[in-house]
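Take a look at these structures.
What follows is a pair of complexes built around chain A, which joins chain B in one and chain C in the other.
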Partner chain A sequence: MADRRRVNGPVGQTIPPIYDTPPPKFAANQKSQDAIRKIFLKTGVTPSASGSAYLELENPSSSTGRSSTSLKLTCTVHGPRSLPRSAPFSPHIILTTHVKYAPFATRQRRGYLRDSSERDLGVHLETALRGAIIADRWPKSGVDIIVTIIEGDQDRNAPENQADDGWDMMNVLGGCITVASAAIADAGIDCVDTVAGGVAALVVRDEKSQPTIVLDPAVAEYHKVFAACCVAYLPVRDEVTNIWFKGQLPDADGMLYAKLVEQSLIACRNASRVVIKALEDTVHPGQDTS
Partner chain B sequence: MASTIAVPGQLLGPASKYVAGPGTHIHEANLYSSLLGSISVTEPAPAPPPAKRLHRIAALHQTSAPAPTPTISVSRAAAGRREVLPEVNNVVLCRVTRITPRQATVAILVVGDAVLEAEWQGVVRAQDVRATEKDRVKIYESFRPGDIVRAQVISLGDQANYYLSTAKNELGVIMATSEAGNTMFPVSWKEYKDPETGLSESRKVAKPF
Partner chain C sequence: MATATTQHLLLSPAELAYLHSTLSLTPPIRPDGRLATQFRPLTAETGILPGTYGSARVCFADGTEAIVGVKADVEKTRRTRISPEGQNGRRQRRKRQIGDDVGGGEEEEEEEEEEESAIVGENDWVEMTVEILGHRDDDNSTVFLAAMLSEALLSDGELTKKLWINRRFHWKLYIDIILISPPLSYPLPLLSLTTHLALLSTRLPRLKSEADEDPMFDDDWAASQPIYPSSRASSSSRPPITLLVMAIGENIIFDPSKEELAVADSVLAVSVVEAAVAATTTTTTDDGDVDVDMEDDRKTRRRNLRLLSVRTVDPPSRLTAPGVPNAVNAAAWGQAPPGASAKDPGVETEDVEGVWRPPRGGAKMAVLSAMVQKVLEKGGIADEVLDGLDGVELE
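Let's turn to the complex of A and B:
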């Protein structure tokens, strides 16, 4: 699917600068296993949209001279607005989600058209939000939720030939759910709860160590990721609206799957606290206590 | 009462203590907020004293109403930002965009007191223009494109249009411009007059308050 309508940049990877002295090997033990990375979340960043939010994840190993952030997302919500004339009658709100990587967001440059992984993220996001929105409060209307990934959750300094397994998509989806939840609340669309996204993964730190479950894995810090799980969760109702499990568990331990989901829920609860704090700051911007 | 913030999903209290207002929902006999905003509790209006003689049959729910409970609602503090939708029985202001022999197409601009951000399309069918002599209604003698009309929503309608009605005295054209381009004034229930040329044009005129 070649894009012939725009002036496209060269395809392929963006090569980071090469220094005489290689960057110091990062210390992998910056973040505790059962904590999530620090989240910056702010609503109302796009004045032209009905609701918007911006999310940034801290890079826990930033002291080693690398970038201090690892994931940057912005979400705009347009609507509720009238449906196009061609659309059939709908007694409830029509939810449309678009997830798009900026061309420069990942090491592999992205095109201007959405590829299959971006559409995949959009479908997951739509499922996660559909369970939270009270759709029949807005008959005959539609809402567009657009998430732009400004910076993906990848290590820019990783060697060029390192395989890209797509584990970072889990973290991106978790961030998308959280940022969209804040933007929807900012737009004033009725929700049963503030949905939040969280990720847990089964990883090994190096070749010798035992597999462990960590929350919110910064993928670049681990030797290998066996499996990862991204959950969208309604904390007050104690309901899961979307679950995405990827990878293979090393042994046939049925409990491991349940444990992984359980840890994801903890990550969701942590993210939910950030959303609620950001929303309270939206209503009373003066009381900035951060 | 100091404004307390509610976020979506926040517990507001048992459903037996409050009546659910805008921006809230009920889940398992509890009231939860469904919007981001500040909580407001409005006490119910005191019940009118019972009339000495009942002139008409009282509705069942009025006679057997329990002790009134306050209504709790959640709304955004920065008022006016909240988008509203036209609902059945709302009185709306709209501009006529197109007329055909059977109906007038309008763009709904205001619902109640709230100005809409999006423009919603509505339609006034010929049989909904007035309450009497419905079969003699001629749309081009009732509306012209550009008129501002006060109307009532009677149905959510089909996929594209809200169905509106002007079949009341106080509903109809409230602002009209003549063919010469001047703003006209109403002279009767079916006539507007141009102050400069003195010509009159027929409209379904809204009764001034």
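Let's turn to the complex of A and C:
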């Protein structure tokens, strides 16, 4: 007699349903090319951590009121705390960054162990923050910065079988830098400046149009992304702590590259204003500082 | 993080200050007497591993040595795409292609005309592992190195296109990189150059079957075909190379050794690829001359370099211990200023000439742009390195 207590799944492999005609992509809403999407940033969301922040980035589609992509990140900072007795002497603070996608954050489920792309993001984030933190004020201590990606910036309406091309990682990194910067400030760790992340990309909107450089690209809305650049920037010092560019540029000399970086600096300055506003709200709650 | 891959360097603050000041001179004076744009001498050979489809070994003069082996498997392509019959399916596949290969502009038009030419590669057809002796393979720095190398390799989508056999099968390429010496300096350029040579020497068996049959291969290895054909005239692309560039003040220094990295203000890893000749015919008018030059003298031929990726590498200098100026050092009979004695002594002092301070903050944009520009420069270091690699005999 078959086991009637359990509802067994199908014996063989199954594939998710695939529609013959995938739903049309939401047309890129007429966000101007030199504006970034609206950022919601709030610090102090996790009481048990010494510093924390939550960032959300969403572009409501003008036609349907729904949005096709969204980025939701939360960051907690634990420390500075003393290193264990067994650790060797360090004249600086030991910075550890963990970036982890929630299993449900992307179309393809992520495991609980960090895979190589998450570790890679962690290294980028560490480079971006290490330049900002004044590390020699905390000898013999460590700080853990943990960023959890609740929703990665992927197209919600894309068919399941569509391959990942990794351009959304740029947006994720930009968000990680911004949210970690707010959380570090919330934890009261001395920094030379509030670092902010920004992304610019060379995209085409549809098959016929010319490639243009846009700030903060919602990858799902564009026909094709040629190249993208994510920069971590210290606005007051006018310095860059991390730069990540990849892709193919049509021109041979570095003109387009320089332009792309310049545009991502604008995105960084916009994000930096949001960070400063969120920190002012934390310091003077209730006051409308704007 | 750079510390794990560069062996921890025990240099005193005084030594660091000395290195930093000599490297900030114009022109910089490097500890090993090289010019700012001079590469370390290296020995290279290919085809050293008979059990692989392609292999290479590169040994730098400082004793670091890497081996790369390339192996390939025939793998069934996942049938996740919609069947190619009908317009819908075709549109769907087009979309996938656009996602997968970056910058395959010509490929799209071809596909419109003919189903057969719908060559689409996927990034997971290439698997790259980096092993550094004494480090865990899930160590952050190892993962970072592997990500950087595979990003450069995959970003133009040319390599994965070459792995396409037919609509049902593809080659899966395993590139295994082993650093067999202890990592005496940041091993990125070494690993990149070795991978470049190994891929140039990689040959795949000649396909005998046709169209969508189960693939059958010629078992004569002499008939095998290189995945990067050596003939320059064809529109074949070349594998990328990744160079390490560092800046101290205004000085830009290529291929830094570990002592130089220990005082770097900023470090960039820049990946470039030599653009295919066919792709350039439309862009430059004097291309005819270039072709003539190519036959006459390979040295004078100008290469068309394309930027593939740029990444900041965390400079290990941030982790060095700061020096203590004499003014606040009690052991040197320094007299702290009377006002400061009540405060926490000597934690934050102004920059003192000749006293080492780890760099704080980031790098100026102008410096970073100049570093990338210098790599892309015609007749610059990337050209020199590619010329050197061209001279390596392929088995």
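To be clear about the criterion, the second predicted complex is superposed on the first by the 252 of 290 C-alpha atoms of A that agree within 3 Å, B and C clash if a C-alpha of one lies under 4 Å from a C-alpha of the other, contacts with A are read in each partner's own complex, and residues count from 1 in each chain.
Everything that follows uses one rule, which is that contacts are C-beta pairs under 8 Å (C-beta built on N, C-alpha and C of every residue); 3 or more make two chains touch, one makes a residue touch a chain.
This structure is a prediction, so every number in the text was calculated from the model and none was measured.
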Partner chain(s) touched by A:81 [first = chain B, second = chain C, both, neither]: first
First, second, both or neither for A:134, with chain B first and chain C second: both
Contacts of A:193 with chain B and chain C, given as first, second, both or neither: both
Touched partner set for A:254, first chain B, second chain C, both or neither: second
Partner chain(s) touched by A:11 [first = chain B, second = chain C, both, neither]: neither
Chain B versus chain C as contact partner of A:235, first or second or both or neither: first
Chain B versus chain C, judged by how many residues of chain A each one touches: C
Which of chain B and chain C A:92 touches, first, second, both or neither: second
On chain A, the residue positions that both chain B and chain C contact, one per complex: 132, 134, 137, 192-193, 234, 237
Touching residues (chain side chain B, partner chain A) in the complex: 5, 7-11, 23, 25, 27, 32, 34-38, 76-77, 81-83, 85, 117-121, 156, 158-160
Contacting residues of chain A [partner chain C, same complex]: 15, 18, 20-22, 91-92, 116-117, 119-120, 122-124, 126-127, 130-132, 134-137, 159, 161-166, 192-193, 223-227, 229, 232-234, 237-250, 252-254, 257-258, 261, 265
Footprint of chain B on chain A - complex, ascending: 50, 79-83, 85, 87-90, 132, 134, 137-141, 185-186, 188, 190-194, 234-237, 275-276, 279-280, 282-284
Interface residues, chain C side, partner chain A - complex: 1, 80-82, 88, 92, 95-96, 98-100, 102-103, 122-123, 138, 140-141, 143-144, 146-147, 151, 155-156, 268, 275, 280, 283, 304-314, 318-319, 321-322, 347, 358, 360-365, 368-369, 372-373, 376
